[in-house]
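In what follows, a single structure is set out as structure tokens and then discussed.
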Amino acid sequence: MNKSKKCSISIGPIHPALKEPIQIEVLVEGERVKDASFSLGHVHRGIEWMGLRRNPIQIIYLAERVCGICNISHPLAFCIAVENAANIRVPERAEYLRTIYAELERIHSHLLFLGVAAHELGFDSILHYIWLIREKVLDVIEYLTGNRITKAVLMIGGVRRDISKKQIPKIKEMLAYYKKAYEKLCEILLDDPTIKLRTRDIGVLSKEEALKLCAVGPTARASGVKKDTRQDFPYAAYADLDVEAITPDVLLGEIRGDVFDRIIVRLLEIKQSLELIEKCIKELPEGPTLYEPVLQKLLVDLKKVDNEGIALVEAPRGELIHYLRMQNSETLFAWKIRAPTYANMHTIVPMLKDSELADVPIIVASIDPCLSCANRAVLADKEAIIAQEKIHELCVKKTLKIKERLKRWEHV
Amino acid sequence: MQATELIEKLKETLAKDISDFRIVTTEHGLKKNRAYRVWAEVSNKKLKDVVKKLFSLQEYPHFSVSSGVDTGQNIEILLHFTLNYAAPKEQVLLTLRVKLPKKRPVMETITDLIPGALISEKEKREFLGIEIKGLAPGRAFLDDSLAGVFPWRKDKKGANKIAKNLHTGERIEQK
Amino acid sequence: MGLDALKRSLWVFHINTGSCNGCDIEIIAALTPRYDAERFGVKLVGSPRHADVLLVTGPVTRKMKERLIRAYEQMPEPKIVVVVGNCGSTGGVFYESYNLEGPIDKIIPVDIYVPGCPPRPEAIIHGLAKAWEKLEGMKKCKQQNL
Amino acid sequence: MLSFVKQLVKQLFKKPSTNPFPCKHVPKSFTHLMEEVEKGKAKINKPIKTPPRFRGRLIYHEDKCIRCKQCIRVCPAKALEFDEKNNRIKHYVSRCTFCGQCVDICPVKALEQSDEFLLADYNKDAGFLIPEKKQ
Amino acid sequence: MFNILHVAAHSIFIITLALLLSLLFNGLERKLIARMQARIGPPIIQPFLDIKKLFIKENIVPANSIKWLFNAMPLVALASALLLFLYMPFAGMPPLLQAHGDLILVLYLFIIPPLALAIGAFASASPYASIGAQREIVLMMSYEFVLSVVVIAFAWLLSFSHAGAYAFSFDTLTAYPIWNLVDGIGKLGVALLLVSALAVFPAKVAKLPADISEAKTEIAEGVLVEYSGRNLALLLMAQAVQALAFASLIVALFFPWNISAFLALPSIFALIADFIFFLVKTFAIMFASLILVSAATARLKVDQAARIYIYYVFLLALFGLAFIGLDRLLVM
Amino acid sequence: MSLLQHSVALLIAFPLAFAFLTAITEKLSAKVKNIVVPVGMLSVVCTAFLTSVDVFANGTKVYTMGAELPSITMPAKLAIPIRIVFIVDAFSAFMLLLSSIVATAAFLYSASFIREAQAKYYSLLFLMLAGMFGLACTADLFNLFVFLEVLSISSAALIAFFVDFKASEASYKYLIVSSLASLMVLLAVGILYAQYDMLNIAALAKVLRFSFVDIIALALLVSALAMKAGSVPMHFWVPDAYSRAPAAITATLVVASQSCLYALFRVSFSLFGAFPLIHIIAYAIILLGILSMFIGVTMALPQKDIKRLMAYHAISQTGYMLLGVGIGLLVGNTANIYALKAMEGGIFHIINHALYKGLLFLTAGAIIYSTGKRNLDELSGLARRMPATTIFFITGAAAIAGLPPTNGFASKLLIYESSYIFNPLFSIIAMIVSILTLVSFVKVFCSAFLGPELKALSNVKEVPKPMLFAMGMLSFFIIIFGLFPDIVLNTIVEPAAMALLNQKAYIGALG
């Protein structure tokens, strides 16, 4: 109760605000956060190591499960990296199809984020509203790929599933639906006073800091760094479509780099994705969808490669990198994944400093962390670690006590 | 600035410091837009200089990540930068390769120049067992029970000996 | 009698032990309007102390093992464990690794498995229905024993 | 804010978007209900329809299979094994990622993906193991 | 002797009725919120099921907590919340213990459940719970300011027109509905008081936008984090009961009319009619200030909420008071 | 019977005698002291109790020292009373009752922590009682001054009893304030005596002309006594003195301040009650009350020292009494039921405050006794080791915050429910202060008694029985007064209020 008592609170790895395990240690004085640090590694499964024991086709599905949310971006980056190493030119139709899948994913991911952000603010009506809207794109994804979440449509040298003429009307219907829904979303999110109160000027990240800490994706763009792999670095069909990186000033005329800005950027990107899909459908070229439809042959070809490849992809959360090396073997020789959250995680420390305890969840959520692939670091200062241990000690004590009780219970 | 222009400049500035300079271009889309990947090797000693020089080409060279490969005799560290970003379609993906002898794999930190490299460097230290001078101490993110194991190593320090198969519950044979 | 009340008011605590999030977002989806698990009295709670069901996803990384056990132990009896997704059931696509301790049933007793990668929200609800079935069975057993 | 309130009130009077699978609320006895359903005496609400080419649980046509083991080669989850004793492919549903890669690579279409996805059970190995022969 | 028995029986009846009704309202609230979110939502009797279940669950008492306080507080919270109904007009009936308490007593009784909750949370020695409890107290302080203005304004107003009457008794309040005592600008003043009292409602019962002490995503259910089983059931009941109590308080203050007076019904029907009318009134109040609001807002931070209550709502109430005064001046 | 007749004299005589006796035993043996102190205590308390019962039952008692019959106030042939006269009306009886309850608790409480040899301590305590009793009974302005002095000096000595630097500093501050106040009182007494040649309050009241100098005397008296009662703006001595003195003394000091408050009320009602501009004084008192309330509580909120915090609350609580009685003074007659109610509230609050604040100080003392710490930041989780103290603290805290069913609620209720008539803001402020008080005590409670257990405090034990008994006694009164306020109101508070309001009766008592 004493305002001046400093105390350290650890949030996560099991915490209702975080569906994923991450541990954030905040040193608070009263409700004010004096310092913050985080520790990861709770989701580290050793995927890159697994990759060295599997063939590239198996790895596509492994890459898909680096994260269930960006399960186009990871396999896409992986495929492009392999194609880069093996010098494979993907058919144009496949590139357009990849773009459509990737943008569908971005829509679902950004809607997911908006819902989650509202949920962090306790605004469950918006969560429900947005996730209901989101079902539409999931339906379309399921319709096109055979599953709502894991799409499993990418293949080295192209895509596994074509989009037939018959399927296009459903996509168009979805586009129309979202155009309407988008207006509504803007109204709800931008005009709500409680949301503004909770997100405006909260968790500010300056442009300078964003650059220094190598932030990527919407997090960087919300701070005014006009960086978007789709705009900067040609892959798939994006360069044809002239994508432009979105910063919040497009809508508001100013950039503050706060949580609200990050919401705006994602909101605008939903609209951008809709437009990109529309264009892709219109300009979809005819032709094959795979460079090598016979997979056995593909595997044999890949076995002969002795080269390294690297790929950049703009995942919903930002720039994603896969680097790999192949050396005359069915398995990979080296594989490195750099997920966007890996780069963005640092930014939460300056964002959290001097915020309030109540802001922590929304700030952390505002970079839309997806730690599945970012699980890498511990940055904890000494003091916090000690405090953490204390809490831990208490927890252990508690557990022992409960164990005793349980034993008693069993005897009865 | 155009990507080609930047690559020229890059070559000029770094001419003395780099070797094995390669430009790989790929084509994408109907318009055959080109993507530029640049590869170069840097000696361990000059790495820091080179990174500093990058700042003359780009206000904040974006450090994406570093990769690490155990090639047998050496440990290769690859630093991936993106330059000329925010210029539509003209970004250059630069990779600097540093070879560290496996016997004494030591390099210097670049976190003083680019604070965002912290996680990357800690990761390299922990996954490859290299030493990075000037980097804040502290075990990164693997569980303490894994001390002494460097999962990316392909020798006996690697992770094979502790890995297991979840389906069967068996240990994985030495590969 | 007691179990009947449990059946109609299953409060869920969700813990991710290293999943890819695929299952986790489908769990959330199962609570949103299209599927609305709350109509069964299901509620996502923030503390294991309030929970009746532990929903677990993921193949259990080294760091999460102990916490999984702790969350399980902090739940008051009677309790049910439901594993959602194949990587939690068997390890699934992550079947070999140096940092995984799973599958979950090796660490805590599991009552119900919901296969899928990820399962659709309705499959998760089907898992809940299985839990009702199990509770009804338990009730029957109890009645017969008495 | 007001527009959202309006939206909420509107939804209050609309039919909810929920698909009431399997029943609207918890039934008195689910076991009994299922028995009745099996007898055809009662009905439960269907889940939302899966689209064509949905990637559900695998079906193995043992008669078609030529034992080339290509499926095992590409399976990312080791969900397929070769059962030497019975000379057939053995599939573990609880390991599968439902990617359908095995289906794609099989030269004789001995593998197929059904639209079945309600697979929850008490035992991860019981009842799940294919192979069932094609009925 | 007979009298005591009679009172005891009557109290048990009222308390049971209040408990049932509040859980029912709670269920209704969940249902309606679900429907607003385009969901089917839980059955209306869900709270009963939840409570029933909690009673069969294990009741864990954390090892490092202060056990006797930790266990006692849920009981205190529920008991004091239920006690409220004996001092307030409820279900169209005058208060049972009319002679022993009045508006101020009720106001103070309202303080006890949140206080008990906060103390129980502190006693659990969990950091999350302590933060929740701190927030609870800050919040409580800020909205009590508002309520005190409302209550005093009522008494003040009554003292003008019915100087002899005992202004704080519910009898008086029922006899002289507040709206009849003022005209024009005074009515505006009363309306402001009503608005500020309604604004307090969500905070009083820890609902959005002021469910700050429980904030699931911030502090893992906060004050409730360590409670389980029976204790949790008691606390949840206490919260539900408080909600109903506050709604009835607003009814008693601002809408004290009974319908039977207008309909001239025979006694038993009058009772039923009044009861139903009471239900309608409380429900309307809950819907307007609790259900709709909590469905349409985000959670505020505790300092934001406190600022809103202390500055804006408090000022609003003071304006209400001033308008009433002005109205008197104009009349005189 | 005859003893009861002389009880008023014994009231002063006993404490003085036992003060002397106890002081002597210091030289003799501890054993003797162990007998003398309890016996003295018992006789003093019994006398006070019997006297007040007598007064409540049979009406005002007049006692003249040295007269053939104690009830004869006027010496033959003289029109003015020159003897030492005591008038014990219901208000005085009320004060007697209150002082003796708290003093009993204080004696009991001291038993366990004032070591054998220190008879001096008890001797001073007796002296303090003598001062308080005298103050409550005297009808003579000069004696009022004398008893005030007795009270001040014994208090100052007790504050410094555990001599450390801070305590002596506190005592020093107290002494300065006291002597300043005494000086002012003396001056006022002088002014009045110079004009009217008499000192008896009742007699003076009859002849007072309210000339300019009279008014100066009034102002001097009011401000001096308010100062000694610890009202804002002369409150600065309170936190020091209250927090430095031993807990039992602090509890008694609270009563001592109430005695000054008594004197203040006595002067303004019984002496100057007929003053036509009395409402100015009333407003001043109300204003002081509201300021004390508000400033006290806001100063209390940030305090870390548990006793200091409580001391600020004492200032704030004094405000309630000033407010209640101020309103009574404002209206000045018994016709207005709200005024009477407010007065009753104020007076009821006097006894309630003495009880719960006494209790709170005793619990604070218990904490300090057991842990040796007084800083809230260093305390935590005491409820585990000191459950009884915890319960007593909860009782006291609930009472000071005015939660039902405690006596604090009962008296505050009276104030809330009457003062709004005069200005709704009075009630609102009173309620707000009450809420802030609650918050402040929740803070104390949570940080000292709840929360995790500290290593440094793992050996803490519950305090000895006599201390618990003392606290239990006060808690008992708090709850009883809270549960049956009507009885207390009817039997003691209302008569006391009437006695104050009815100046004529007081004057008439002189005969």
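All chains are identified by letter, namely A, B, C, D, E and F, in their written order; residue positions are counted from 1 within each chain.
Throughout what follows, a contact is a pair of C-beta atoms (placed from the backbone, for glycine too) under 8 Å apart; a residue touches a chain by one contact, two chains touch by 3 or more.
This one's a predicted model, so the numbers in the text were calculated from it and none came from an experiment.
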Hop count on the shortest chain-contact route linking chain B and chain C comes to 1
Going only between touching chains, how few steps reach chain D from chain A? 1
Counting C-beta pairs in contact for D-E and for A-C, the higher total belongs to A-C
Among all other chains, pick the one whose mean CA position is farthest from the mean CA position of chain B. F
Per-chain Cα centroid nearest the overall protein Cα centroid belongs to chain E
Could you state the distance in Å from the CA-based centre of chain B to that of chain F? 80
Taking each chain's centre as the mean of its CA atoms, how far is chain B from chain E in angstrom? 62
Inter-chain centre distance, chain A versus chain B - centres from mean C-alpha coordinates, in Å: 22
Multi-partner residues of chain E (each touching 2 or more other chains): 34, 36-43, 58, 60, 64, 122, 125, 130, 133, 137, 216-217, 220-221, 295-296
Of all residues in chain B, which are in touch with two or more distinct other chains? 142-143, 151, 159, 163, 167
By the touch rule stated above, which residues of chain A touch at least two different other chains? 1, 15-16, 41, 44, 46, 49, 53, 61-62, 65, 125-126, 128-129, 132, 150, 192, 194, 394, 398, 402, 409
Across the complex, what residues on chain A touch chain E? 1, 7, 9, 15-17, 31, 118-126, 128-129, 132, 192, 194-195, 197-198, 356-361, 391, 394, 397-398, 400-402, 405, 409
Touch list for chain B against partner chain C, complex: 142-143, 145-146, 149, 151, 159-160, 162-167, 169, 172
Show which residues of chain E lie in contact with chain D when the two form their complex. 32, 34-43, 292, 295-296
In the complex of these two chains, what residues of chain D are touching chain A? 1, 3-4, 7-8, 17, 50-51, 53-55, 70, 73-77, 97-101, 104-105, 113
Contact residues on chain A for chain C in the complex? 13-16, 19-21, 41-47, 49-50, 53, 61-62, 65-69, 71, 112, 115, 127-128, 131-132, 135, 138, 148-150, 370, 372, 395, 398-399, 402-403, 406, 409
